[in-house]
Each structure stands twice: as C-alpha cells, then as structure tokens.
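Common to both upcoming complexes is chain A, partnered first by chain B, then by chain C.
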Partner chain A sequence: MTGVTASTSVLVASAPVLSAQAGYVMLALFSVLWISLGIWWGRRAKSYDGFAVAGRNVGLALGTATAVATWITSNTTMLAPQFALQLGIWGALAYSTASFGLFAFAPMSGRIRRLMPTGYTAVEFVRRRYGLLGTIPFLIISIFYALTWLVSMTMAGGKLLNVLSGIPYEVGMSVVIVVCVLYTLFGGMYAVIGTDFIQSLIILVGLIVVACAVLVKIDLVDVHEKLSTNRPMLLSVLFPAALMSLFNNMFFGFGEIFHSNVWWSRAFAMRDGVGPKAYALGGFLWLPVPIVAGFLGLAAPALGIGVSEPDTVGPMVAATLLGWGGALLVFVVVFCSLASSIDSLLAATSDLMVNDIIEPIMQHHPTDRTKRNLSSFCIILLGFFSWSVALPNVGTLATVLFFAGPMVGSCIWPIVGGLYSRRANAMAACLAMVTGSVCGLIAYFTIGWFVSSLVGAAVSGAVFGVGLLLSPADFDFDSLSVDGESKKTPANDPQAAGEMA
Partner chain B sequence: MGSIEPIAPPQVFENRKSCYNPPLPIMTNHFAIGANTISCRFGITPPPRLARTAFAGLLWVGFLQASPVAAKGAPVEKVVAESRTAEFETSESIAESQGVKGSGVEEPGSEPLRPPALGPVQTEPDTISELPSYLAFATTEFNDVREGYVELHWNPVDSATEYVVIEDDGTKPYRGSFEQAFVSGLSNGTHTFIVEAYDKSGNLLATSAKPAIVTVDHWPLSQAMIAFSIGLIIFVALISIIAHGALTADKKPAAFPGAESEQPG
Partner chain C sequence: MMFPLWLLRVLVIGALVLCSMGVAVLIAFLISDLKNKKIW
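Take a look at the complex of A and B:
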C-alpha cells in the first residue's frame, strides 16, 4: 500500500474546496433531477394511500434502499468522523451501533404491518394502544424530534454547501429545502422512496470510492503508530467516556427508529413480509458506512491535519487527501444524504400532522382528496417553518436536537412493550416517557451527552416494568386494526395496490 | 441520525479564481444507460434529455475543476517542519510574544500555498489591517477535562495566514488558517499548548503570550464500566424480547415477560 509515510505528521494541504461555480452547477443539476423525478413519480400518486404510504406495495429493493438512504444523513458522514476524533475507535464503533436500531426494528416492522394493515403513523399506534394518556407525551416527543431534526438538517445543508463550495449559507439552505419540498409535494412517498433509491446508490458508491482512495493514499500502519505515540487514548479500549457512549448511541438510534414516523410510515408502505428483510438488509448495508467515515476522523490527528471544527473533519480529510475529486464526491454524497433525510421527514411528519392532529380536531373522516390536500399543505408549512427557523443560522439548534436523545430513548420500552405485551398499560407508558426524558436530561447536563439516552432508556425501562407488574392491562391487539376496517385498503383499491408495483 | 455541531462564525477565506468554460458539446450516453437501467428495473422512464443534461453538467463541473486556475487550489502535501524560519522554543517564544514581525517579501503575482481552509466561507474579505499583532488564547486554563478533548481559541493576528498549535512535547496538533483548534485524545495529566502565527511567507509573526494549560482527568473507569454494563443489560433484554416476540407473537402467547397471551381469553 502506497501512501504518505514519514512526512504525514507535518503534512500541510491547501484548500481543496470546490469553486462556487462548480457548486452551483452541481446544485442545479441535482435539483432539476430530483424535482423532475418527483413530478414523474407524482403522476402515479392518485390516492391518499398512494401519496402517504406509496400504495402499501413497496418491494424489497426500494424498501432496502429507502432504509439505507434515510439512515445515512449528513451526520453519518459528518458526525461519525467527529465521534472517532473525539472518542477514538470506540467512537466510530459507537456510531455504527445505530445500525442495530434497523436490525431491531426489522421484526417489529413486520408486526406493525400485521397489527395495523391500514395504519399511517406511529402516533396512531400509540393512540390506539395507550389512549390519550400515552399519546400526549409521545406526540410532543415526536413533533419536537421531527421539527428539530428537520431544521437542523436544513441548517446543515446550508452550512455544508457553504463549507464545500462557498455557496452562501442562505442560498444553499434555501435551495435544499425548496427542492425537497417540491419533489415531496409532487410525488409524496412515491417520490421519497424513488429518489431514496437513486440517492442510496450514489451515496454508497461515493463512500466506497472515497474509502478506497483514502486507503490507497495513507499507510494504516503509520497512522496506527502515530496515534499510539501521540494520542494513545484514541486507541485505548478503556477510554471511559467512549465506553459510556457506546450503548448511549445505540439507544439513541433505537429510540429514533422505534418512535419516529419516518420509519413507521415505511413499515406501512412496504408490501406484507418485505419490512423485516428490507430493514435487516438496510442495517447490513449501513453498518460499514460510519466505520469508514469514522476512520477519516481517526486519521486526522495522525496525518497532522489541523481540525478547527470537529464536525468537518471527515470532509476535510477526504478533500485534503483526494483533492477536488474528493471534494466533489463529498459534495454529491452530502447533498444526496441531506435530501434523502429531509424528504422522508417532510413526508412522514405531514402524515403525522394530518392523521394525528388535524383529523382528530376535525372529528370526522375527511375525504381522500381532502387528506391529500391537507398533506400537501402540511409539507409546505413544514418547509416554510424549517426555512424560516434555519435562516437566522442560530447555531444552538443542533444542541437542542441532542436534547432529543433522552426523549426518544425513553420511548423505546413503551413501543416495544406496546407491540408485544397486552399487559402494557397507558399509565406505565406515560410515566416511562416522562421520567425517562426528565432523568435523561438531568444526566445530559450533569454528566454529559454521552450518557443521556442511556439514562433515559434505563429509567424508562425500570418505570415501565414496574408499572406493567403493578397494574397490568389486558389489551386486545385486534382492536388496533378495527378503525382501519372501514378505510380503503390496497385489497379493494386496485389503483393504489398497482401504483408501486 | 443525530445532528452535527454548529459550525463557527465565518472565517477569513481566500476567494479563489475560477475560469468560465462553456458546456462541452460532447455528450456520451453513459448516464442515459444508467438511467435506462433504473427505468427498466422499476418501470419508470426518466426523460432522455434530463440524462444528457445531467451528464453534460458533470463534465462541466469536472472541466471547471480541472482548469489551470482551479488547479491552484489542488491539495499539495508539503513538508514544512524543517523549513520553518522559527523553531519552537517555549521560553523564547513566550518572550517574543508581543509581535515578532516577519520580513517576507511577496512576489508580485505569486499565489502562495494556503493551509487547510475547510470551514465557513465568507464571500467578502475581512479588513484585517486593524487586527492586533499580539496573540493570546481566549481561555488559558481548562480544568478537569473529563473527555480528553478541548477546543482552543485565540485572537486573529494582523497579516497572519497560518496558525500552528504546539504541545509541550513538540507535537503540532493543529496547523491551519482558523483561530481555533480542536485537540482530542488527551490522556490524564497536564498538557500545555502554545500557538504561533505565521504570514504567507512562513515568517513567525507572534507567539501566544501565555500557554493554554489543559488538565485532563478522565471519568473513573469504574463509572464507565457501570454505564457500559447497564447498557449491555438493557440491550440484551430488548433484543431478547423483540426476538422472542418475533418468534412467538403470532404463534403462541407470552411474547413479553409477564404477558399471558396476546389474544385475551
């Protein structure tokens, strides 16, 4: 393996950032591509079922691709290297444990599909399973998480395009959110899943090329020796904060996937029996991504690459070692990963708003067309909200999203228990979410971010278990699908059933 | 998942030139082949014009970047340790901290190499003539750093294009154009850092008056192991319940500890 050897510790590189013109061309190119595909696929979304859950007939290839693309956010390429830079080898491994969330959700998605064949959202499940008592904290957590994730991704889009190509923050941020809103608006879940397929291919190929090129450029033995000499803690298996972060990150991932409607809407959209395979396969495809990305962060100290902002270390190392080609690849990968996550959030959150906020307020079943129009309105509203909050470029929103760690961690047990035990009761679920969130946030401020989800999940689990023992319910799982019987199903809606086939 | 940390306010950044080149008239059908593959597999038909436009755009981007002017920004590895005009000597450097001006002469029209500059880009250049000539860390004492990483910040220096952070053992954890450095992987104990500012010719301009002293005291290993063990127990419990539920939920009752039956009665 050739590479930079003895001189790596004193390596200096110039700025291999894309020119603004190249950035604009790439931005325009992919914007046109996504919007065109959104319009193209949108012609097939005639019914609300088609728009919201892609006719409930998504196959294995598209299902796997959408799981991978959605889970590879800009953070996978940005935060995984940061974790490695901060916490060493354990950091990269800790980030990769988020794939366990996909593995764990795989069997759950099959059960969700069976229990609620005509369901739309995660909140709908909680409402039917736990009633109002469980729905209130769950809805608050879901909305809080979805909005902060959406805004922070929008901000990340503006910042990353600015970092990589010099495109002004306001322009990059606006283009990213407008493009995502437009193609989601035209194509709904069809466009989201279809573009996810293309985006996942681009992301995976881009990351493989970057990884291979970086491995050719550097000498792994040299990197290991320099880290052993200068930063031994990054290689230590007994790095205390890193040890604590391992399961914390895993439960953050579990909580995100188990509670978020982004994943539930896909479970509803996939053909019966496809969900478990698609999520498991998606987990396997996703697993190496943060490890590869994390290695970039780990290599930075050994290569002597100065790091100002830990979250830019991945692109910085790739661009420094690979030149403009690396920067171009990173640009494309980042843009695809941003779009694949933002569109999913827009579609899933609009479903949640229509089905779990607007429809209950209306107190009657709106027509298919009304729901479709409401969904479009919600997508525009969410896009405008994200744009307006992200525009001032307030840098604290990302920190706010980390607050969501203990909150989503506290949802793990109520969801798992609600799916698999008829004894799970509303009071236990409500108390588990509230106490888990509170204790997790206390841990966040008193100890650190690397234990907050762990504490949230632990306290929530203990409270939920005690509640289940003290006051067991006797839930009838058949009741989960009762409300849906009157709704139009793919079986009696040939148009919806055939749309995605 | 999760989010990225916020990126710091805009930094001084050199606006690079780039030449304009018209779109290449040559188009191949490679992109169209890929698009057709997807369309055949999934029953969709992207417009061929879009495919050609996309491929032409990619060629254009490549040509823009490969042009001679843009190539000036290509990464260059450069061994500079031996060529420094001023070597790090703690006592002398601190004594010289109140602005050691270099005497480098810039050749007209020359385009010097720049240090790593990945960071927020500012389109309008700052007026740096009013910047101070001294150099100092914003914070010089970091006590009880529990995670082994720290961010060092310092003031910008007039005419400085590169800053180098030097640890007491001689290693240089940061070299770049921004006024902050992220240093990680620090072991227990006290670590001392100084920062030096250089101009574009590599002349030492200033050295930090006072070193930044970082005292690292990692979390107790016992506490870390307790957290790790709790996490492992929860993980095993969760996976067991989900696996058990997946295997039995639709076949027989008691998918969850304490549960009697999925179908009451």
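Take a look at the complex of A and C:
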C-alpha cells in the first residue's frame, strides 16, 4: 500500500491501556447481551422469510439504523483515522464519500423491492436478469468480496482487542466471530437488524464522546499548526494520491453497496416504501462518521503519538489521550462496529449460499424448514472459514479490503443497467465484470490501491456501454417478479430460453 | 496550497453536530414507529 507511513514515533503507545481483565469483562458483557437479544428476537423468525428477510416488514427506525450500523464497519473506525494519518484531510473526506453509495442505493432499493417483491438475494436478480452468463462472474465476485470482508472484520476484531486490552489476538478474534455466529444463528435477520439499532446508537454516541474528549485535551489550532510545520502534505489541497483516493473510495462504495447482498437483503427486508427513505437517511447519518474518526488520525502527528500499525491509530489516540475511559469507550465502539458488520455478512452470505448455490444444485425446491436448516449450516460454515483464515493474522486490513475494490467497482454498471435499462444484455454485463475486474487488478498492482476501483468501474462502464450499443436486448422487467425458477425469462440467455421451450 | 484552519474547524465541529443529530433522529424514528406499531 502506498502513501505516507507513520514514521514519527515520539510517543509510541505500545502497551495496552485497558487491562486484560477489563477487556474480558466487557467482552463477556456484550457477548451475553447480543446472544440474549438474538435468542429473544429469534422467536419471531419462525419461517424462512422471517429468518432471511425479517418478514419483509422492517420499519423506518430499524431500517435507517441498520444502514448506518452495517456501513460503520471496524474499517470505518480503524481505516478512516489511517486515511487521515496518511492522506490528510482529503483522506477523511475520501472515506466519507462512501456514503454516496447509500444515497445512490436509496432509489434503487425501492425499485428492487417493486421488481422482486419475493426476492432474497442480489445474485437471484442477476440470474433472472442476465441468466447464467452474468451470474457466474457476479457470484464469484460476490462470494469473494463477502469472504474478504468477513475475514478482514474477524482479523480486525482480534487486532483491536489485542491493542486495546492485551487480550491475545487468537482469543479476541475467536470470541468476536463465535458471538456473531451464535446470535445470527438464533435470530437471523431479526437479530441482525435489531442489534444494529442498538449498535448504531452506541457507535454514534461513543464517537461523539471520544471526539469531544479529545477536543477538550487539544486545540484545533495546535493540530493545524503542528501539521503545517511537521506534516504539511496532510493539509495540502493538491495531494495527488489523496485526490485519487477521493474518487476511488466513492466508486468502491458504489460497487460495494450496489452488488453486495448485505444491502439487497435489507432492501427486501424493509416494508414497502421504507427502503429509499432509510438508505438516504442512513447516508446522511453515516457521512460525518469518517470525519469524526479521521480527526483522531489527524491529531496523532500533532500530539507526537507514533503508532507501529497505522490502522490502529484512531483507537491508540483515544486510548493514549483519554486513558482507561477512552480505551473502554473505543473498545465498546469497535466491538459494536465489528458485530454489526459481521452479523450482516453472515446472514447475507448464507442467503447467497442457500438461494444461489445450494438450491440451484438441488433438483427440487427445498421446504421452508430445509432452507432454514441450510441457512444455519451455512452461517456456521462461514464462521468457521473466517476463523480459520483469520487465525494466522496475515496482511494489513487495507490490503485485504482493497483487493476486492476493482472487482466490486466493475459490478456498478451491470447492476444499474440491469435495474433500469431494458437494453442491458447478458454478454455486455459478463464482459464488463470480467474486463473491469482484470484491468482494475492490474492497476492495483502496477499503480496502487487508490486507483484500482476507479479503473475497474471505468473499464467496466466503457465495455458495458459498447455492449448495449452493439447488441441491445429488450428485457421484460415484469418477469423479475415471477416466483420460481421454471417461470423466469432472462434476456439473452439461450440456455434459459431453451429450458422454457 | 493548504487547507485553512477554519475549514478544519467546520469539518470537525460540523461532523460532530451531524452525528449528534443522527442519534436524535434515530430515537425519534423509534418512538414514532413504536407509536404506530411499525417497528417490524
């Protein structure tokens, strides 16, 4: 990963501020709380619809909160300060552009709900819209992204708990993933969305308290002065890498939200008419979070706080400045932001596995009970996979996360075109995803992470546009609402057309 | 060319105000949904 590295280390906060005992107590308290809530809400999840999409009746309060909480990942609380530390003010602003994805998805969520009132996943849409040709690259990208995100969150859990309280990486990481697996297993989407509300409140309040406490200890004038003297690039309006990251992050955000089943499953779960409002409001609520978190990163050089690992700069600043109380607050905020993302990923990815991998392989439609059991099995499997990959603790968070950037960036146009244009066709969608991903990955390795999503989205958009011009389809959007594999009529899919005949 | 101090102030304070408003909005929505029995 390119960019400025944290080289000044006047005051390296290497020892954990919170005692391991306090860490274990907090971990135990929140683990019991989330699992209890999972069991409590799980009583509502009697059918597969209840378990997978919370009965498709989620209101505005929980809908807005789940959009905010899911998008505030531990990467927001860890990477936004790192962005600010390495790329300056533009870095924090670049991270906040990820909220544009929520704004853009707001109208899309309403259309998704209208077009597929009984749908479950994003891949299901692509399968009905583009047939097998579009499904294969999209499914690969979706699964790769979901697993990458899941593993990076699990790793973040172990790292953060270790930095803050000295709990061994392996123990912290294991507890985080096991707790999330357990409450998702008991409560499904009800538990995921219900806990998201509590978690979003805790995260927002925690961030406000930590940032205010830091502001009490240091003056913004000092921060600005010291940055101007020691790290002027962080205040530069024309910082090339930072400017590139601004657009890159925005496209990464679009790609992540447009393609990921985490967001689609919420669109299916929200009551009719709630989705557009919830996603737009969620965007407004999320927008300031990376700036507040990024401020902690900007404060680090001004305070002379050096950090051995840049992605832990935010928590280290809070813990070093505010001592035990700050560490405790950050501990809670981080645990909530981790849980809110991991549970969403477990639920949404298990839906993908059941509806888009297992069900198509089976020769008959499984019963409601069978699907529920399969979901539970997939959640456990995903948890175990994530745990086993995260255990060796290889690679930095940013490297793991941004590797998926160009791939999800290449999904933007096929999804938008597929939702809104009759002319979008399967070949164009497939080629757009493949060429966008390949070119984006080449840019990732030859230029840097900060242009990879941008290149992926640009190449994919060009290929998709040419495909639409050369071979326009005439898709019937009504066919998307038809329930059942045998009744679907994907455009430009000879195989499906043959099956129909 | 550098970002001026006032912009840094606006960003940090503005973001804090927005976060606080977010908390208030979420609680207001919850109360409204509870009254109308539209939570789930």
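Keep this in mind: the second predicted complex is superposed on the first by the 462 of 501 C-alpha atoms of A that agree within 3 Å, B and C clash if a C-alpha of one lies under 4 Å from a C-alpha of the other, contacts with A are read in each partner's own complex, and residues count from 1 in each chain.
What we mean here is this: a residue touches a chain if its C-beta (ideal position, glycine included) is under 8 Å from a C-beta of that chain, and two chains touch if they have at least 3 such contacts.
This is a predicted model, so every value here is computed, not measured.
Once the two complexes are laid over each other on the shared chain, residue contacts for A:Asn248 go to chain B alone; chain C is not touched.
In the superposition on chain A, A:Ile208 makes contact with chain C only, not with chain B. In the superposition on chain A, contact is made by A:Pro232 with both chain B and chain C.
Set side by side, chain B and chain C differ in how many residues of chain A they touch, and the one touching more is B.
When the two structures are aligned on the shared chain, A:Leu85 is found in touch with chain B, with no touch to chain C.
Looking at the shared chain after the overlay, A:Trp71 reaches chain B, while chain C stays out of its contact range. Shared-chain residue A:Leu220: touches chain C; no touch with chain B. Applying the stated contact rule after C-alpha superposition, one finds that A:Tyr279 touches neither chain B nor chain C. Residue contacts after overlaying the shared chain place A:Leu29 against chain B, while chain C stays out of touching range. In the superposition on chain A, A:Phe197 makes contact with both chain B and chain C.
Residue overlap on chain A between its contacts with chain B in one complex and with chain C in the other: 61-62, 88, 197, 232, 238. By the touch criterion stated above, chain A contacts chain C in their complex at residues 44, 54-55, 57-62, 64-65, 68, 88-89, 92-93, 190, 197, 200-201, 204-205, 207-208, 211-212, 215, 220-221, 223-224, 228, 232, 235-238, 271, 281, 284-285, 287-289, 291-292, 295, 298.
Residues 1-3, 5, 7-9, 11-12, 14-20, 22-23, 25-27, 29-30, 32-33, 38-40 of chain C touch chain A in their complex.
Across the interface of their complex, chain A is touched by residues 1-8, 13-16, 18, 20, 38, 41-42, 44-47, 50, 53-54, 57-58, 60-62, 64-66, 70, 73-81, 113-121, 123, 146-149, 165, 171-176, 178, 180-182, 184-187, 218-221, 223-225, 227-228, 230-232, 234-235, 237-239, 241-243, 245-246, 249-250, 255-256, 258-264 of chain B.
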